[in-house]
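Shown below is the structure under consideration.
Each chain carries a letter (A, B, C and D) given by its place in the written order, and its residues are counted from 1.
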Amino acid sequence: MVTKVMQTTVNGLNEECGIFGIWGTTEAAEVTYYGLHALQHRGQEGAGIVANIDGRLRQERGLGLLADVFSKGDRLRDIMGATSAIGHVRYATSGSNSIENIQPLLAHFSDSQLALAHNGNLTNQVTLRRELEDQGAIFQSTSDSEILMHLIRRSQAPTFTDKVKEALNQLRGGFAFLLLTPDALYAALDPHGFRPFVIGQLPTGQYVAASESAALNVVGAKLIRNVQPGELIKIDNTGMQIDYYTDATDLHIDAMEYIYFARPDSDIYGVNVHTARKRMGANLAAEQPVAADIVVGVPNSSLSAASGFAEALHLPNEMGLVKNQYIARTFIEPTQERREHAVKMKLSAVSSVVKDKRVVLVDDSIVRGTTSMYIVRMLREAGAKEVHVRIASPAFKYPSFYGIDMQTTAELMAANYSLAEMTAKIEADSLAFLSVDGLVDAIGLQEQASGTGLTTAYFDGHYPSPIYDYAESMQAFEDAHLVDYMEEPTCKMHTLQPE
Amino acid sequence: MVTKVMQTTVNGLNEECGIFGIWGTTEAAEVTYYGLHALQHRGQEGAGIVANIDGRLRQERGLGLLADVFSKGDRLRDIMGATSAIGHVRYATSGSNSIENIQPLLAHFSDSQLALAHNGNLTNQVTLRRELEDQGAIFQSTSDSEILMHLIRRSQAPTFTDKVKEALNQLRGGFAFLLLTPDALYAALDPHGFRPFVIGQLPTGQYVAASESAALNVVGAKLIRNVQPGELIKIDNTGMQIDYYTDATDLHIDAMEYIYFARPDSDIYGVNVHTARKRMGANLAAEQPVAADIVVGVPNSSLSAASGFAEALHLPNEMGLVKNQYIARTFIEPTQERREHAVKMKLSAVSSVVKDKRVVLVDDSIVRGTTSMYIVRMLREAGAKEVHVRIASPAFKYPSFYGIDMQTTAELMAANYSLAEMTAKIEADSLAFLSVDGLVDAIGLQEQASGTGLTTAYFDGHYPSPIYDYAESMQAFEDAHLVDYMEEPTCKMHTLQPE
Amino acid sequence: MVTKVMQTTVNGLNEECGIFGIWGTTEAAEVTYYGLHALQHRGQEGAGIVANIDGRLRQERGLGLLADVFSKGDRLRDIMGATSAIGHVRYATSGSNSIENIQPLLAHFSDSQLALAHNGNLTNQVTLRRELEDQGAIFQSTSDSEILMHLIRRSQAPTFTDKVKEALNQLRGGFAFLLLTPDALYAALDPHGFRPFVIGQLPTGQYVAASESAALNVVGAKLIRNVQPGELIKIDNTGMQIDYYTDATDLHIDAMEYIYFARPDSDIYGVNVHTARKRMGANLAAEQPVAADIVVGVPNSSLSAASGFAEALHLPNEMGLVKNQYIARTFIEPTQERREHAVKMKLSAVSSVVKDKRVVLVDDSIVRGTTSMYIVRMLREAGAKEVHVRIASPAFKYPSFYGIDMQTTAELMAANYSLAEMTAKIEADSLAFLSVDGLVDAIGLQEQASGTGLTTAYFDGHYPSPIYDYAESMQAFEDAHLVDYMEEPTCKMHTLQPE
Amino acid sequence: MVTKVMQTTVNGLNEECGIFGIWGTTEAAEVTYYGLHALQHRGQEGAGIVANIDGRLRQERGLGLLADVFSKGDRLRDIMGATSAIGHVRYATSGSNSIENIQPLLAHFSDSQLALAHNGNLTNQVTLRRELEDQGAIFQSTSDSEILMHLIRRSQAPTFTDKVKEALNQLRGGFAFLLLTPDALYAALDPHGFRPFVIGQLPTGQYVAASESAALNVVGAKLIRNVQPGELIKIDNTGMQIDYYTDATDLHIDAMEYIYFARPDSDIYGVNVHTARKRMGANLAAEQPVAADIVVGVPNSSLSAASGFAEALHLPNEMGLVKNQYIARTFIEPTQERREHAVKMKLSAVSSVVKDKRVVLVDDSIVRGTTSMYIVRMLREAGAKEVHVRIASPAFKYPSFYGIDMQTTAELMAANYSLAEMTAKIEADSLAFLSVDGLVDAIGLQEQASGTGLTTAYFDGHYPSPIYDYAESMQAFEDAHLVDYMEEPTCKMHTLQPE
């Protein structure tokens, strides 16, 4: 049964995507293209835009990077002049990498059209899908995003807005949706505000919605609002109406957005991501200091944390690793040796910087540990005398049903090994993680009635709400992994939180 | 209202497609590819295959010719080893030329999958679609083929076969369907047998279904059965079961299949297409003889008719026109002059053959008349003394809701001009068409209870069954065009048959 | 040594190409594109155009069909507005299928540019190339066409025209060249007129040069002149000047142009190709009659001969084989079985035509015999009672250094087997070839001082001039093959002509 | 005359490329691919590899990024197993962006083959090309790299090595060449060592040559030698022989390699590039201090300098600008507004970092000044109170005939405006450049007999040797620009060095 769940829903588990929408300018297609470009880091496996051309929605989508998709066959030119548009960049595992799953989805009705772009993951998707299928619904993608379309369409509520509200109330999990009809643009966020979602405004007055505020800057829009948990915002020719579909809300934004997913130049709920990361580095330095000569961050994602770490300890923050700015593609079968090669194609150590130095290597996270091992080796080969690894987030020990792949979860280093074992595996002189408290403090969200305003389930297994269809998988995970923890409780509990 | 109908259904009007399926061999993907190649003449705008790989249906489809679609990215290799497959080649107007409409369609259910390939046109598609939408159905294509999937899925009948039967009984119009599930392959034909559809068998025993018998030859299968009107045939690991979903059947195959659509090497209901065309030419010669030196057929589609015409009048059948075997593409905006150019890139007159000769030009049909005019001119420029045009089919005067585009219908030369006007327009010395009786006789199908076994609605406006959603369009067409007929009644009726 | 020659020159042996040029219209690029399209049958492996844009020559070329090459990246649009252009379609074996060999070649000089398109084969290319290399010349292609560029450039003659003449006089073999500089267009033909080459004129006065007259028709030009052996024609803004670089000329056009290479609607030296083929069929019928019910030609190249054959014997000429008009591509490794498959994808037998009939199968030529065997089998499977194969050309027994690949030559069926053996190999009831005299008579060129005006070396080994660098290869071929002839001399000489 | 020179040689002026070669491993193609990937920053407009497959050199090349070129059609797979290879990544202006100019070039001779990859620019290319053309040489590219091939081929010296030496002695300018024959790999550097060029060795003993040492790291090779000015190194199955073709050498490596071109993790003549840049920043801080709150470097190229600047002044080095790691493509005509857009797609200001701060913006260079203006604006829009621009290199006032495009030179901001004007143009609160002395000190090369070991001609117009064919262009440049300097001499001289 568990297997079945995983088989049919595996795609939904990986959806860390970017969405963008705009209403009311004849440059809607171009603006959406530029906005998605700014969100490309949230998904590189597919991209699409649905745009309103003369009252009809038209869909353009393809596999691969945004610029590649839209450089083929004048696809952007075909939708130029559109007066509204929504777009999507998609992250997905290779298995589900088929064109049907690339968003925005578009449905045609005799009297209308409906397009949808989704960033998130529904934890009751299996249940909903089965119920819908039992009522005769046909799914043409394996993505959970299609479910909302069916729920809206089946709703008996009087107005379209009412239908959308009714449908949203049936969803569980984390989700940020953009809906486009020929008449309006809608933005909706889940009751826990699991994903970032912002509204901006162009100098000329038009409204823009985007996964991250960085996308607003690129198109020249000003951030005017974080979409709030439970909100349903409608934008049409009369302006913007802020409404809500539920008031049972409780902010629990995914801490991973601050740690890894979002761009450093984005602000989420008033907190700048770069600044938060710098504070994570500083807190990490305070919790896990180490005697060293230089601090080296893993480019690009860990540079903020490294600078905070270095400042806190008054150590020089040096460019000991350089990242090749061109995307590497290996054409050869991936073997262990080749994987090491792939890391080398992306990163190089700067010998003149690290030679004979005691290096603190600051990284934002560790998943399997393999990449860390290669980087540690690389630094040693370049002459580093010691390599102390400091991770600017707590150790990943639990699966997240909101953003990380189950299969990857099964290989999580920190769910299977003690800190000593991990240190040995990555061949470091020492290894330490930021505490959950240190993380929460670094992000510094205003405290919420029910908690920190953050979801930290990856680190502590505490989900802000029931996980529905994943409950069995979770149990299976715990059966498989928690035993290990139990066998070595002091190490695990001790070292990973305060140490 | 009429406009609305046309807007939402215009795609369905153009579906002259080819379908192919096979069950039970590990070469299912390759065999389907070869079979579709033999059906490429039935649709060049899109191609796809859904194949069963290890119990999961996988879809590969794209815009353009079959070989182009499957030469990209190893798409055929990805489905090799499949044990069953269905495929589709699609003809469509440019407007609907989007990937969503390329078949086979594939729907994913929690517990199964369903793929569908369709050749035909549903005359009650607008009504059905609205009913389905009212029940919450979501359509992701603008093709009418998607309707059957919804009807099957919504049926409350006990078994899958019963559901399919119930669904088929709700359809009107002409249709040949292939359905593929992980468990079986189904073939269904409409009650009038509007489109050709055959079952073959490989020497190794497996069953094959195809739009035309020519596709059987190519894959080495023997024709064992014409699918009969009203039949639902199921092929699975236990063999083939022939069943029917209605007994209110009445063969009325589209006469255009014999005239133009099908390959000359196909047999339809026991009649070879080449042989039927040759007899059309012979009957035309008997009805509309002309004093001439040579007969020239328009390659390739009219060569059979030309040979029948020449033999009947004991005239030499000469290669006065040569067709360039490579597909021409013009990269320049189509103007009147360019259209003439496009014809020149396809066809050339052989001066040494036609010089100083009285030429009978045999063509299979005339739609707008423009191409005929260019060919007549070309022959005259090459030195032909006289050019007498003989059309081996009756004049197209009525729209067909089973296979020809409404917009084209509006431009039908024979619906708008008298024979004398048409002769002048195409700049011929004379022009004559085959009579409907001559056509029926040439095809020579066994007489049916209710008629000739043929649909000749293009020529006489007689549809074998009500045309449902098109009734309004038909009325509009008649309002616009029949006046012309009325004004010149003797010409129309008189000239077009015996003259 | 022989091996060495073959290795470095193998590409040159396969050049059966098409060339086209125009001077003095701002539609030069488009006209060249259309002209090349009409010559596509002469080469499908590469295509290119060099066009004069604002006084600079610009090169566009690529692998594959013309339309595919120029549909990529707006390549035609980039050269629109050019005032002169030359183009090339290339036939080549896969080994030499690299972009460097695609023509027209283009050389850049400080003070000028020179482009070249070549149809032919130089028999002294190895010698010339070595001499040039010894003088420091650098070759960037493996094609022999590059040699002329070097010879022109190295000539010390006073004017460009003189340089070209001096260079042409050093070449041996068959060649038709188009040269383009920013100042003029040049057309040159070898002293034996081995390849067809014509000049046409547009209604607006501009001159056009093309490999075949069919290309003139397509662009609306009138044939005004066959380029004569030994001529060098210069076209520039002052008009056309007809000059010659040698008067040691002697027409020996390749008979294969009439038999197989050229389009039926082309006229070569006043003889229409279709008409010549029809006469080949008629002569074949007279020489090799057979009691049969129907005649079937192999489409499309043998349809003319089949019609001549049928007329001569008063037999019905039937469409017993149908050709798929779409290009087949097999994605699977070529095995014996697959090769049969490839034939089936191209050709189908029409059972209702051939069933229970004694069939005369008319083909234009036999190379290896394998395809013939598959077609004979196909006809028998479709029910033919007898299959008599009649080849409308003499048997290929000798290599041609002007147009057919050495390696293929080694497999020539007629060079290795007796007629009885060949008949058995292709599984025919009988087999016969046209005699050389019958061929010469059918083409009917005006007799020349030195012979028939034709090169028939493939059939009789008589070359119009020494074969230079190929002499060794020829000796090797004879050593390998002539023994077979000697062993069965009566058969060979006897059977192949009158039988 | 000047115009003529520019027209025919404009391509040569832009060649800042990357080259890589290896001898003696069956992974030669893969290693070259990885090596070129590490050099991709040196050229993104074309890439190619020539590899030795079974004794024959085979060429694969195309327009665009390396990974795009080699992902098409299995091009890398086609050369796998090669035992030696050279590769090239090319930087070029769009005008010369044709496939013929993509390297490595490959010439075919009857008895051998020669491939060539070149990084540099020949200052006597016009003269050499004309001389060669006068001797009959044909050029198929417009690149100056082809010249060496001709010189080698024409040399009458006894051995291939002697020919190469003789040819190299005729070249002037800056050049690093890799030559590959079936028998050996050669590396040659110009007498001034204008471009970086290194030799490495794999753990398994094979030798590798590359433009930068960073490429050695990626393939796992150790740097064993900087190729010295005037050297000709031969690598074959017997090992490596270090030879020289001239002893009139004098190191003058291009200072721009340290400032901008090379990767920070490369070492050139023993100086690490990152470290040199950091010292440039430190020297700049010492020369041009400014009262400010934070230092912000322009990512990625100026991050090293910014860190040096910040450290020297004890200011926080902050991430005030973020670079989008995905390559932006704009599909819309470039207008002034769009150019600003392109900068926004690449860079974003981090408001929470720069808000209300006095910012020192550190950049590595200014060419036209437009980008600087957009960045200054961006920082102000993000809330920066003051923006002081500090350029970590001297002002570009002179054309360089070794690496920067003449046309760009004509637009050099510093050649046309005073410092005050420049400051106003870029809308900065202040602007200052590093002095030439500060640059030389920061790089810190060992002093050479004749100077600093560096070429600083961009800044001071002092070329290490005559500039031959460019002398006229240089004079024209001075005539056009130096007047401006003369009119405002105090400003220019004064402000730009110490200020």
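The rule is short, and it goes like this: a contact is a pair of C-beta atoms (placed from the backbone, for glycine too) under 8 Å apart; a residue touches a chain by one contact, two chains touch by 3 or more.
Values in this document were obtained by computation on a predicted structure and should not be read as measured data.
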Exercise for review: Select the interface copy of A-D from among B-C, A-B or C-D: the correct pair shares over half of its contact pairs, counted by residue number.
Suggested key: B-C
Exercise for review: Express in whole angstrom the distance between the two chain centres, defined as the mean CA positions of chain B and chain D.
Suggested key: 61
Review point. If you average the Cα atoms of chain B and of chain C to get two centres, how far apart are those centres in Å?
Key: 37
Check your understanding: Distance-wise, how many Å sit between the C-alpha centres of chain A and chain B, to the nearest whole number?
Key -> 49
Review point. For chain B, which residues are shared contacts with two or more other chains?
Key: none
Practice item. Determine the shape of the graph in which chains are vertices and touching pairs are edges (line, ring, star, complete, other). Key: ring
Point to revise | In contact (per the touch rule at the top): chain pairs | key: A-B, A-D, B-C, C-D
Study note, to complete from the structure: Given the complex, residues on chain B that touch chain C span 30, 33-34, 37-38, 40-41, 44, 65-67, 70-71, 76-77, 214, 217-218, 220, 263-265, 267, 272, 274-275, 300, 303-304, 307, 311, 316-319, 322, 324-329, 331-332, 341, 344-345, 348-353
Point to revise | chain A residues within the chain B interface of the complex | key: 8, 59, 98-100, 105-111, 126, 129-130, 133, 135-142, 146, 149-150, 153-154
